[in-house]
Structure formats: structure tokens, C-alpha cells
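Consider the two complexes below, in which subunit A is the common component and subunit B and subunit C are the respective partners.
Then we have the complex of A and B:
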């Protein structure tokens, strides 16, 4: 039981971080467009986020430094500032998209008008952040978000052609529409390796007071958490491939995602899917909201952390409060959350290298990391992924423009 | 004071977190004051740690640096190197932030946050 609670950070990282609105949108859209043939990209993304989250958790546990401490130290003030601005823009876009997602799910559950539900989403998020301790935020959103496992059941119940599913794990390129396929590859990698996941994870490790003794827990958290996130992503894509592709449905709405559980499992499936999405997207909203405040505080040296309490970390508190209000205002304008999500994911892909390079450098610094510095395995993976995300970052925006956001 | 004889200033001190004896985070090392009159062949010595928006234009040249400094309030504090206790992954100070004039940004916003319900 204790072990189950201990991996809470990993579970929230998986549910609220990995499987957020970006993954819901991109995995389902990818399945509806290309069936199972992009499953292998999810594997690449999951391994990448495990590699870098493990590094971030280790750096935080050993040197007590979170991601933007490392960014500021290694990139300096000027380049670090560019990284900060990019990170904050992407994090803000993502938060707004998540708040939109919450309002849509509440609308599906209640039939009330969307605009009335944005303030409700705001109050719900504010209350959770203000009144719950960090650990309980993780537990509530992480474990309630586990309702998403309904998609695994749905995927099995839909009886897809398992041979084709297995074939989807073999790296390939769709020759019919290679550019759109590449756009989805970039989107899936961007969604899987979204930078805010590591901002939140590394700062969360400091919130929880990790020391080198917790390195085993760190490894467990990343492997179980993101492994679970990967499993859910597979399930979403398989469901969409089995259900939407044959009927030619291109999901443009969050509600269509939940349909994937309703068709094979009925009302119970739909309800579980909606509750799962609500908590996953809610958890992600809190992650992004905090990430924004963590990044600012770490770059400028302010006091930060939920564990400090609002009065001891005033600028940190003000930062997340103001951001949450702004995100709700943006969503209240009626902007389409799905479109916002696509922009957030694609711009995330561009911001990736500036986030991951400083982490790799710090994780190799023996002066701080001592015997816990990167071993050869972590470095081989770290460098390979740095090359991968560099390509992803360069290709993201051109592909978005050429393919008209995957519309072909 | 356990101070290493030579330190890689660019990597080991500049842009690091400042932490006071109570564990309070109170700024970053935005710049360094160096003693320039040293014998040839001798390493330069740090005399002070410079903290605050006033020193940002030295890090980002041109109008952007100046604009940032103005947005940040333009304050700057010079902390003597004698007030530095240790350099680990953070720069640990020997005296509380309030005595050194650090952490004033957070102090300024504290009354506002304290006025919120249940804070």
C-alpha cells in the first residue's frame, strides 16, 4: 500500500502529465488517420520521457536543483531567457487548452453552457491547489485519472486485428501521405515529451524533499508512471484505429474521444472515460500552472514551492494565480481548445532542445552529481534523444504549415 | 570558512541560487565583482556577488536588458564575498537575507498574498 502511494508523483506525471489533452487529441487523431501504424512513435516518445525524467529526478534528488536552475546555470542569463520565454509561452498555451478540456468534459457531463463552466473549472482548480497538500493533489488527480484504463478495456473489446496492431510497433513511414504522417510523428513525440512534464517532475521531487535515498523511487516512478502513460496512449490509438478509421470519422471534438469507450462498453464506459479525462486534464492544468511559476521562480531566484506555503513564496503564488486567471479568460473567449492544443503541442516540440540540453549537461557534472552522475547508458540514450528532438524541433513548424495542421 | 582555493566562476558561481542560513531562496548570482589588481599569473579574486535587476543589462546587452531591468524594478544588491559561507550547488550565505537586503521582491508581495483568504 505504501509503495502505491509512493509512486503517486509518477502516476500524476503519467496521468496529468503524459496523458493530457495533447495526447488525447494526437493519439486519437493519429489512430483515426493512420490506424495502428504510428504506435511505434509512442514507444520512442515514452522511452525518451523516461530517460529525461529519470535524469531530472536524479539531479533534483542529489543537487536539489530543478530544471530552470540548470537552464540558468548552463545557458546563462541571455540564452536561458530565450529558453524561459519559449517554455512559458508553451506552458501557457497548454494550460489554456487543458482548462478548455475541463470545461468541455463538464459540459458533456452536465449539459450546462460552456461559458458557465469555465468559471466552475477555475474554482475547482483553485480550490484543489489552495486547499490540498502537494501529495494529495498527486493522489486525487493521479488515481481518479486512472479511470482512463477504461480505454484499455475498450481497445480489447473492440477486437482489433492484433496482427496489424503488432505491425504498428515496427518503425515505418506511410508512403501514401508521408508529410501528414511526419506531422503526426512530430505531434506524438511533442505530446509524449512535452517539456512541462519534466519541469513539474523535477520541481515535484524537490517539493517532496527527495534525497539520493529516493533514487530507486525515482526510477520506479518514471518507468511505472510513463509506462502506464504509454499503455493508455496505445489504447487510445488502437481504439481510434479500430473504431474511427473504418468509418472515416476525424475526431474534432473531445467528446469523440470518449465515444471510443462508449461504443464498446456503453454508458458505464462513457462515464468512466469522461471522469478519467476530467481528472487527467485537471491534473495537467495544475501541473502546467505550477510549472509556469516554478520556471519563473527558478530562473530569477525567487522563493518557490507549494511546501513553503503562499506567504513564504509570494511571487511564486502570485505567478500561478495570475496565470490561471489569464488562461480561463483566454478560454472564455470561445477559442477552440482542440486547435489550441495542436498549437501547444507543436510549439512544445520546438522548445524541447532548450529544455533537455541543460539537463543532460548538469546530469554529467560530477562536481555536483558525484557518483550519481550519468552512466554510459543514460548518456547514450540522452544524446540519441537530443538528436531526435533537434530534428523534431526543426521539422515541427514547417510540417505544420505544409500539411495545414495535418489536414493534408 | 571552507572555501575552495580556485573556483570556475562562470560555471560554479555565476547564475547560481543564493540561499540564506534559514534555507530561504533569495536571488541568483546575476554578476560578480572581481578584484582586478592582481599579480600576473595569479587568479582573479571575487570581492562581491551582484544580485538584482540592476545588473541584468550587463548580461543582456541593448534595449532588452534595459527593459528587463526596468520591469524588474531596477534594484541591485552587492553582497560582499565575506558573507558567502559556502559554494555548493547553491551559493550559501552566512547571514539572513533580510540583513543583506536580499529577497525584497518577495517581501514586497507578501502583504498582498497574506490578505487573501485562507493564506
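Then we have the complex of A and C:
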């Protein structure tokens, strides 16, 4: 039981980060558009986030430094500030989208007016962050988010052509519409490796007081947590490919995601899907809220940490509180959370190199990391993924404009 | 980054209604088809009691709003020749789909069964208009 609770950070990072509103939208849309042929991109994204999260957790456990400590030191104040602004903008967009996602799911559960549910989402998030200890936030949102496993059952129940599913794990390019295919590739990678996941993960490791003794737990967290996130992403894409693609349905709504579980599994499937989405998106909202405050505090050298409490870390507390209020205000204007999500994912992709390069540099620095510095395998993966990330960052906005956000 | 984001958001927001060619009409037809086909799925579940009342109402309304917006865009766009007549018919069809979805939001199981058939037919018609 203790071991199950210990991997909660990885599961929250995975459920609340890997399977957030961006992944729900992109995985389902990708499956509805290209069937199973983008499954291999999810594998690339999962391995990438495992590689870099493991590095972040190791750096945090050994050096007691979170990502933005390293960013400022390695990139200098000027470039570091650019990285901070980029990260914070993306994190803010993501949080607003997640808050909107929570309100939509509450609406699908209750049929109450959307605008009445935005304040309820705010109160729920505020209460969870304020009153729950960090470990209980992880457990509640991480494990309740596991209701999303209903999509694994739904995918199996829909009886897809498993040969085609297996073929989807082979890297390929759709020659029918290569630019839209590339757009979805970039979106899936951006959603899988979105920067706030590693900000949250590394700071969370410090919140939990990890030491080099916890490096095994770090590996377990990243492999199990993100591996699980990957499994859920596969399930979402397979469900969409088996159900929506043959019917010509283009998913544009959160409700469509839930319909993917309802059609094969009925009301029980629907309820589990909605509860899973609610907690996954709620967990992601908390991740992003904390990530914003972590980044700001670490960059400017403020006291930070949920464990310190508001009195000992007032600026950190104020940062996440103000951000949460602003995100709720933005979403209360009526802006479409799904559209906001797509922008957040694409801009995340642009910001990736500024997040991941400093991590790779610090994880290689023996002055900080001593015998725990990157080995050859971690460096090979780290460099390969840095190249992938650079391609994704350069291609993201041109592809978004050329393909009209994947509309062709 | 912030400047780029602002420019891109501005560019994306400036699309509005413009001239409608055969390709754009095809995309609109796909959107109408999608809403109708998804509405048909929802209606089938409503007919067999496999969805919740809240979900049916809220999701049908969301689909209705999306297809009504598509109808408005079609009506505001400028087209010529055969595209113009197909666009007008597609706009009417989108209005019909919106009405069916509105009825679905408050339908009993028997009514939902009938709506599933009608939405299915509307989805087929939208496909035909997009690929004549």
C-alpha cells in the first residue's frame, strides 16, 4: 500500500499533466481524423517525458534545485526572463483552458448554466489547494483521475481492427494530408511534453523532500505515471479511431470525448468518463496553478512551497491565487476552452526548448550532480529529444497557420 | 513569445465570413455532417436509456450551438454559381439539424428514437452536399 501511495506524484503528474485537457482534445481529434496512424507519436511523447522528468526528479533529489532555479542560472537573467515569460503565458492559457474544462464537465453532469459553474470550479480548486496537504492533492486527483481507465475498456469493447492498431505504432507519415498530419504530430508531442509537467514534477519532488535515496522512486514514478498516461492516450485515440472516424465525426467538444465511453458502455461508462475527466482536468488545473507560482518564486528567489503555508511563503501563495482568479475571469468571458486548449498546446510546443535545454545541462553538471550526473544512455536520449523538440518548436506556429489549426 | 501569441490570436480571430469556394463548402458540409452524426449517436443512446438526462440536454445544446454557428457563417459568406445554391441548401440543412438537436435536448425515449433517424438522414444529406 505504501508503494502505491509513493508513486502518487508520478500518477498526478501523468493524470493531471499527461492526460490534461490538451491531451483529451488532441488525442481524440487525432484518432477521429487519422484513425490509429498517430499512435506511434504518443510513444515518442511518452518516452520523451519519461526521460526528462526522470532527469528533473534526479536533479531535484540530488541538488535540491527545481527547474527554474536551473533555467535562471544556466540561461542568465535575460534569456531566463524570456523563458519565464513564455512558460508563464503558456501555463496561464493552459490553466484557463482547464478551468473551462472543469466547468464544462460540471455542466455535462448537472446541466446547470456554464457561467454559474465557473465560480464553483474556482471554489473547488481553491478549497483543494488551500485545505489539502500536497500528498492528499496528489492522491485525490491522481487516483480519482484513474476513472479514465474506462476508455481502455471502451476501446476494447469497440472491437477495433487490432492489426491496424498495431500498424499505428510503426512510424509513418500520412501522404493524403501530410501537413495536417504533421500539425497533429506537433500537437501530440506538445501536449505530451508540455513544460508545466516538469516544473510541477521537479518542484513536487522538493515539496516531498526527496533525497538521493529516492532515485528509485523517481524512476518508478516517471515510468509508471507517464506509462499510464500513455496507455490512456492510446485508449482515447483508439476509441476515437474506432467510433468517430467511420461516422465522420469531428470532435470539437469535451462532451464528445465522454460520448466515446458512453456509446460502448452506457451510463456507467459515461459517468466514469466524466468523473475521470473532471479529476484529470482538475488535477491539471492545480498542477498549472502551482507551476506558475513555483516558476515565479524560483526565478526571483522567493520562499516557495505548499508545505511552508501562506504565512511563510506569502508571495508564492499570492501568485497562484491571483493566477487562479485571472484564469476564472478569462473563462467567464465565454471564450471557448477547447480553442484555448489548442492555442495553449501549440504555444507549449514553441516553449519546449527553453525548458528542456537547461534541464539537460544541469543533469550533466558533475559539480551539482556528482556521481548522479547523466549516464551515456540518458544523454543520448536527452540529445535526440532535444532535436525533436527543436523541430516541434520551429514547426508549431507555421503548421497551425497553414493548416488553419488542423482543419486543412 | 507574447507578441507572437498576440499576433497569431489576432490573425486567427480575423477569419470571419468571406468568400466560399467548393473546398470551404466541403469543410462546412463536414462540420454539419459531424454535428448531425454525433447527434444521431446521442439520440440512439437516449432512446435506449443509455445516457443521462443532464448529459443529453447539455451536450445536445452544445452541438446545436455549434451547428447554428455554422449556419450563420454559411449565410454570411459570399459564393457564386453552383456553390451558392449548395451553400444555401447546406445552411437550411444546418438550421434543420439545429432544430432537431434542440428537440433532442428535451426528448423522451420514443421521440429520441425518431430524432436519431432524422439526424442520421441529415448527416447523409450533408455529406452529399459536400461531395456532389
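By definition in this document, the second predicted complex is superposed on the first by the 408 of 408 C-alpha atoms of A that agree within 3 Å, B and C clash if a C-alpha of one lies under 4 Å from a C-alpha of the other, contacts with A are read in each partner's own complex, and residues count from 1 in each chain.
Operating definition for what follows: a contact is a pair of C-beta atoms (placed from the backbone, for glycine too) under 8 Å apart; a residue touches a chain by one contact, two chains touch by 3 or more.
Keep in mind the model is a prediction, meaning the values are calculated, not measured.
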| item | value |
| --- | --- |
| First (subunit B), second (subunit C), both or neither touched by A:368 | first |
| First (subunit B), second (subunit C), both or neither touched by A:85 | second |
| Touched partner set for A:347, first subunit B, second subunit C, both or neither | second |
| First (subunit B), second (subunit C), both or neither touched by A:221 | neither |
| Partner chain in contact with A:37 - subunit B first, subunit C second, else both or neither | neither |
| First, second, both or neither for A:110, with subunit B first and subunit C second | second |
| Subunit B versus subunit C as contact partner of A:256, first or second or both or neither | second |
| Interface residues, subunit A side, partner subunit B - complex | 63-65, 69, 72-73, 76-78, 80-81, 130-131, 297-304, 310-311, 313-315, 317-318, 367-368 |
| Parts of subunit A lying in touch with subunit C, wherever the complex brings them together | 82, 85-86, 89, 107-111, 247-250, 252-253, 255-256, 258-259, 262-263, 266-267, 270-271, 274, 343, 347, 350-351, 397, 400-401, 405, 407-408 |
| Residue ranges of subunit C in contact with subunit A within the complex | 1-2, 4-5, 8-9, 11-12, 27, 30-31, 33-34, 37-38, 41-42, 45, 49-55, 57-59, 62-63, 66, 123, 127 |
| Subunit A partner contacts - residues on subunit B that touch it in the complex | 11-12, 14-18, 24-28, 30, 51, 56, 59-60, 68, 72, 88-90, 103, 105-106, 109-110, 112-114, 116, 118-119 |
